[in-house]
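Each of the two complexes below includes chain A, the first together with chain B, the second together with chain C.
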Partner chain A sequence: MMLGAVVASAETRQQYGGTLHVTMRAALMTLDPAELDPALPDSIGRRAVSMLMFDTLVTLDENLRIQPGLAMAWQTSAGNQRWQLQIRPGVKFHDGTALSAEVAASSLRAANPGWKVSTEGDSVVIVRDSSDPELLAELALPRNSIVKRNPNNAFSGTGPFHTADWQPGKKLALAAEENCWRGRPFVDAVEIEMGKNSYEQVTAIESGKADLIEVVPEQVHHFSHEGRRIANSKPMELIALLFTRDAATPAEKLLREALARSVDRGSIHRVLLQGTGQPAASLLPNWMSGYGFVFPIDADLPRARQAREQVRSVPSWTVGYDSSDPMARLLAERIALNAKDAGLSLQPTTAANVDIKLVRIALASPDPWVALVEIAAFTGTAPGKESETVEDLYASERALLATDRIVPLFHLPVTYAGSTNLNDWVLRPDGSWNLGDAWLGTPVIAGK
Partner chain B sequence: MVFALTVSLAVAAVALLVLGVTRSASERSEDQRTTALVTQFQREFSRRADDVVRRVEAIATSNPISHMASSLNGTSADSAEYFDVAHQMAEGYQLDFLEFLDGQGKIISSAQWPAKFGYPDAGFEGLSASSGEGAFLKREELQDSKTLGLFAVRTTRVSERPVYVIGGRRLDKNFLSALDLPADMRVLLYQNRSEHFSADSLIDPSVTGSKAAATHPADKFAPLVEAVRHYNQETTCLIQWTADQADDEVFHAIPLRGAGRDRPLMGILLVGNSRRSYVELKRRIRASALLVGGGGIFLAILFSTWAAARMTRPVVQLARAAQEVAAGNWDTRVEVSGSDEVGQLADSFNRMTTELLAQKERLVQTERVAAWRELARRLAHELKNPLFPLQLTVENLVRARSQSSEQFDEIFQESSSTLLAEISNLKMIIGRFSEFSKMPRPQFQPIQVNEIVGGVMKLYEAQLQASGRAPLASQLELDNKIGTIAADSDLLHRALSNLVLNAMDAMPNGGTLTLRTRRDDGKVIIEIADTGSGMTREECERIFTPYYTNKQHGTGLGLAIVQSVVSDHGGRISVKSAPERGTTFIIELPENVAALQESPARAEAGTGTRFA
Partner chain C sequence: MMLAFAMAAQAADWSGPEQQLARKIFAVTGPGPAVVTVENRSTLGRRGSEVIQNGLQSALQALGMRLVKNEQAANTVVISLSENPASYVWVAEIRPSSGENAVVMVAAPRPENSTTHESVPMSLHKISLWTQNSQILDVAVLEEGAAPARIAVLDTERISIYRMQAGKWQTEQTLGIVHARPWPRDLRGRLVPAKDHLLDIFLPGLVCRGTAGAGSGFSINCRESDDPWPLVPSALSGGNFASSPGSTSVTIPPVTAFYTSTRNFFTGVLTPAVGKPTTVSKFYSAAFLPLETSLLWLFAATDGHLHMLDGVSDQITKLNWGSDVASVKTSCGAGWQVLTTSAEKASGDQVRAYEFPDRDPIAVTAPIDFAGAVTALWTEPKGDTAIAVVRNRDTANYEAFRLALSCSQ
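And then the complex of A and B:
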């Protein structure tokens, strides 16, 4: 009883100092959140890095509710067409200059050239062409981080870390910002090694060279058995087959339908993904849209063959996958096997010019409309008009699927494993890290 | 020549014999090496097979697999977590292929095709039957190809549910490269993956790069592969890669069969043996034979030439001496060497020429005597004619002394006139002889032959129509293409005049005199033709003999003078005649252009200086 009382009342004491080592597969070529990386248009790793250095006007909490960020308050008028956000006072950029409405407006204009952004006193005013109820969710996107762009092409943010050393595609060293408006982080520095495959990352954490790594699905069990802390985001990544061009004929649409029905998502989810994530026939995950379950995910070989047999001449499609992603290769080969069962011919390849791409689409936001808009942009199609009703959302997603450009396969979370020396790190629902409260060291029980 | 041929045939026979022995030895060597290589391959194959069996057994009895089998034996068995085990264990046990199959033959985990989990393995029944047996060949289907491997099957059984472990090594370039091959030998493997020959199915560890592939196209193996597939037995074939025989290889094809009742043809082992060493040896033998043969032939030719020269030189000397004798050099002698037949022949030849020379001298003396006799006869004849009237006149004068003075005076006057006439006649005869003896050497100068000929005709035209004789017609046929030649115009005029006078004398009853000029083969031809009585063949042969004449009045020197003039000009004269058909004298004169060109200035200056 005495021991139980001590444990129950125990509190760990955070320790300052140390360098937190992180590894990731993505190799970022730019740190500008508004600038699209040609190699990585968007990725969860990129968001995570961005949010260590920059802040947005508003944020999403664990329950995906809008919370104040650099904007203390906001109000809307004209039917969600005009938005006014009041800038938090006393916030300074890493270069020591104060955050102002003008700088914030300038940053938003750079990220969104189509927006009308102005200032009114200490507020930023955004006027959209039409009603935009999801504007706050968009403002929470990392690409809308408030960045002060200095003349020497240097970026300055308001986040808990500032840049100490930047080697594009290889390494990013961040130092703790002493005067961060959210308070100084516990660790002195964060070093991020980029472009590391899963094997290198596992080796790094097991050899003590990394404190936080990405974990691929087949390694989840391994780390679970080792007792390391595993953290999963919400399923924020869509794995899908993306046709590189529109279906030109009804026969081609039939073949695409046959392919979509031939994929045995259950087996792949159970074996290759080791149960991680969810099989998906919808673009948006069920936790986001609430209606994902209505899309059938089971393979239907008879109907796939039936569709296939309606077409006299069947072309051989090439399926491109990311050569640096071992899971992608397995997925592509398995899908090719399934397609063969339906009488289709798919050839996995790493070539650039292909008929179908196996893609990982990082859902841009927990907000379903924002995520769907981004998916539509990725596929090169236009979604329906944004509204607040789930019926419109469902109709828009159905319409997007009806283009036969994309075949959803899985929704995967982002999984990270931390070393036993890393404490109080938080993985946000969108897969980004919150390392502001993370600290390094062995937990010491207060009062012990 | 016969000797050289004999040497060549002997060398060729020896070379052929050596080549035949070499070929036989090379073929035996090839057979032995091929047999050794096949044995070595089979030994290596067995060693690899044992190695594969050992590794598969180790995997089947390993803890992870036992644990997996035990785990899958449960009612809530889920093989999902084992899908990557094959890949990890294949790396650990250094196998190219490794699959785990459940009791129904479905793939639990596959190292070579990880995405194929849950699918049934093709040929599972045969594989399960091979469990516990030795290694076997199997064609493995991969994601995008088929390949040949050496496989073994073992079973891990917990309770009633077995887990089949199927592992193998790839029969690839590495496998073939590991074979310890003799020099000039190589091994290729054809994987029997399709109904027809495919170059992609050929594994050749010795050929890399497009250039090598261009010189050793895989299609060359197609007939050999098809033969093995068709006749289902080992086959040997010669493959010619290039036009160079040294690049040829003899390939021995060995069918490799898989396990099972049908023992399907999985692959064909192609054991190649280069013929380079044999061809190069053959070339060396041939070169040596050619060298020896050529040297022998050369020496034989040298010897034959020497021997022939030794034998034929006296004969050649004899032939040359005979030609000299034929040319008039009757004092020619040949060297007498030895006493053999050729030596005797040379001695006889020398005696013959000596005798001929003596006969010639005798003949010359005889002819000289005859000529003197003829001259004496002619002189006597010529002188006798005037002497007889002289005698009669003098006798008449002696008798006239007894006549009256008037008669004597009259007789004296007549006799004096006669004596003077005959004396004049004698002087004329003596003058002619004197003139012949004093024939001058021609003084060459540029002349126009046609002018000379025309001048002669013009000189005698009046006499042709003279009264007291039958009229003669004249005909002048001159070739205008005849140019200037070097000749003595006076002598030539005199010679032509003599011939014209002879022609006139030959036509006492009239006729036609024709003077004709023409060119023939660089020479100027002058023809003097009459239509007179003509001559017999014997007369023609003697007509140019000095002091010969067929006329009642003549010294016989006219044609001799003509012949002398023509000869002095470097020409020749001939006659064509037949009785009652007229006579044609033909004079051929050279142009003597060289003489004209030697002194063109003097000729053009027209100084009248004669050519030497």
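And then the complex of A and C:
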């Protein structure tokens, strides 16, 4: 009997050719990076897809240093209020037209209607209302990709792949861009199957129909034991309870405090999440802020009950979860049990109109200020910013938590599994995969 | 195999953030007695954290705080040495015996990367030549005495000349390389010192001629061209060499190979031909060894196989080798060895030397490890050493090494 086992070949130089097959859970309805689908919030998968076709003016490296992208150089003046970015010459869009400062400015205006964006020679000039030292980190966000929007509602990018076939919500086929300014990618094509649940994704990679899939926490150990190539991002997703409105009375604030103290994050982390990620009482993960550990994560039932007992009338809250996420249901049910121990009543539901939502927030950026601003947007607030110090960041995060609109629960990494012949796929600091340099090698069947 | 590592950690000056944090703590606690503990939650080493702990305690005492060990103190201060990607973050949680807890913190900039020097055992040595952030394609040693004294470094957009002065490399000149078309990914390039001018630069679809000008300056003249790249080091080209002492010598022709302008491999077209075949499979790299009566060519083909050509037959072998091979002629063993990369370790590539008695590769050195992927491996012009370029997985820097074989163990 021949027992075939796939082992990695020893080729160390990249090979050209082949089609790379990817599956993902998100079902994107638009490819325009600036057009966020209200029904489908930002996701790390969406960012990864966007960066296959588009580029940003600057990028963030793994040490969060700003690196040149479509902008070769930049300078700031007026106390970080005015930014001038010099556009890289010689770059062409997929439709063959040249990248210019005017097109870049138009793209940024479309993505950020509140920004003052103009041009000056071969440069884009951005003037903010106040000092904005995080502007470059914001420009590195995929939603600020430079897009050429053509009159027929089509758009063109400068990324390593151009669109070959697009079936919204289902499938995206991309072809290698021969004249990409960063060099033609190694693979000839990328095909992305969307809207695939975790079972379908596992089946796809095990049957050789996918080269790269997303892995949910309960599958991580399974894939690790199989010897597949697993890649974990740093924790870039925040799971949290988000109240859908502000606390109207001091009594309601007390009940929210009781709920926050009742959640046994440690037990949920061990059992349901099987140790993946980290329990969190902070909005920003510790790796990003450096101070996350000062927020206590342990459940404190006595104080939760104490807070609950100060309120005479306790309403029953509904907590909504995403019906397409099996983990979300389990989490919601477990949190409801914890809340019950504190004398609170939570009803998990998939209905849209709820008191609390169990949300999974893809942190917008590894830059802590940018990430915090985006989290704040979920709560309808904007964090104050006196300076750029870590202490100011901490104060802003505490202030956001003090609104009692959001209860952090966990920070989760994003995990992917790759086929053994998929090489040099890397994760960006924001957790999305980067396939620009990926290549397909020849799997070797070993063992007889 | 024994590996010895010596870490040369640079001493960092933490006094600024130490005093800054001490002042913030003191502003909350005042001068009363306090229990102060320090916990390291960062990648700082034990020694580093002890240095900081002592510095913080001294700074607090200098402000007038009395540090005590009993728990009767007015304040308990727990200092955590943490970090985020941008900096170290030192957090003090102040717990007074009565009243609200307080948290103060400072960011402490990270010192420059410490450097690691590895002593290489056995007979294959790597000698560090150059390190930089941007991709190195090749390094050529232009002048040397006991050690390289003047080098040329080719990266993706420029060539730079450096001279060793007072123990440090000083930039002599940097010239940009203008190219109309985008470079291919996995860009490769070669620096080939020439006899009648300083050097030639081979890049995909581009050839540049570097000439020395008046004084120490030099200039380059680039043109779009698919001129073939040399496969044989200049010192060996056209020479007669024997496979081993006492055997018949064979001539090594100045073989060149055409390189694709949009990919990362040679097309397989050789000039002059290697025996009968004028074309071989597309390949990433080539090496050669004199046999008894002929020259054996090794081509690391793009299909992952090693093709061995002796001018007549093409023997195809699948070896667990990487895609870069380079010949060296030495005074060790059979006199000719082939260096090759392999990727057996997740942490980085290895390079090892082989000889080919009876056309079967036999490892003649232990592999030497690199802290990342080998992105280039070229034989140097004299033919007795090779240049290896590595992308360090930890620092993301590109590091160029000279690889040399030593007969002594």
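Worth pointing out:
Here is the rule we use: the second predicted complex is superposed on the first by the 430 of 448 C-alpha atoms of A that agree within 3 Å, B and C clash if a C-alpha of one lies under 4 Å from a C-alpha of the other, contacts with A are read in each partner's own complex, and residues count from 1 in each chain.
Throughout what follows, contacts are C-beta pairs under 8 Å (C-beta built on N, C-alpha and C of every residue); 3 or more make two chains touch, one makes a residue touch a chain.
If you're wondering where the values come from, they're calculated on a predicted model, not measured in any experiment.
In the superposition on chain A, A:267 makes contact with chain B only, while chain C stays out of contact range.
Between chain B and chain C, C contacts the larger number of chain A residues.
Applying the stated contact rule after C-alpha superposition, one finds that A:275 touches chain B and leaves chain C untouched.
Contacts of A:102 after superposition on the shared chain: neither chain B nor chain C is touched. In the superposition on chain A, A:298 contacts neither chain B nor chain C. When the two complexes are overlaid on their common chain A, residue A:246 makes contact with neither chain B nor chain C.
By the document's definition of touching, of the two partners only chain C reaches A:394; chain B does not. Shared interface residues of chain A (contacting chain B in one complex, chain C in the other): none. By the touch rule above, chain B contacts chain A in their complex via residues 78-81, 83-84, 113-119, 143-144. Across the interface of their complex, chain A is touched by residues 41, 80, 82-89, 91, 93, 103-107, 181-187, 262-265, 284-285, 300, 302-304, 318-324, 341-344, 349, 373-374, 396 of chain C.
Considering their complex, residues 8-16, 61-64, 90, 178-186, 286-291, 293-294, 366, 368, 389-391, 394, 429, 436-437, 441-442, 444 of chain A touch chain C. Interface of chain A with chain B (complex): residues 218, 221, 267, 270-272, 274-275, 330-331, 333-334, 336-337, 347-348.
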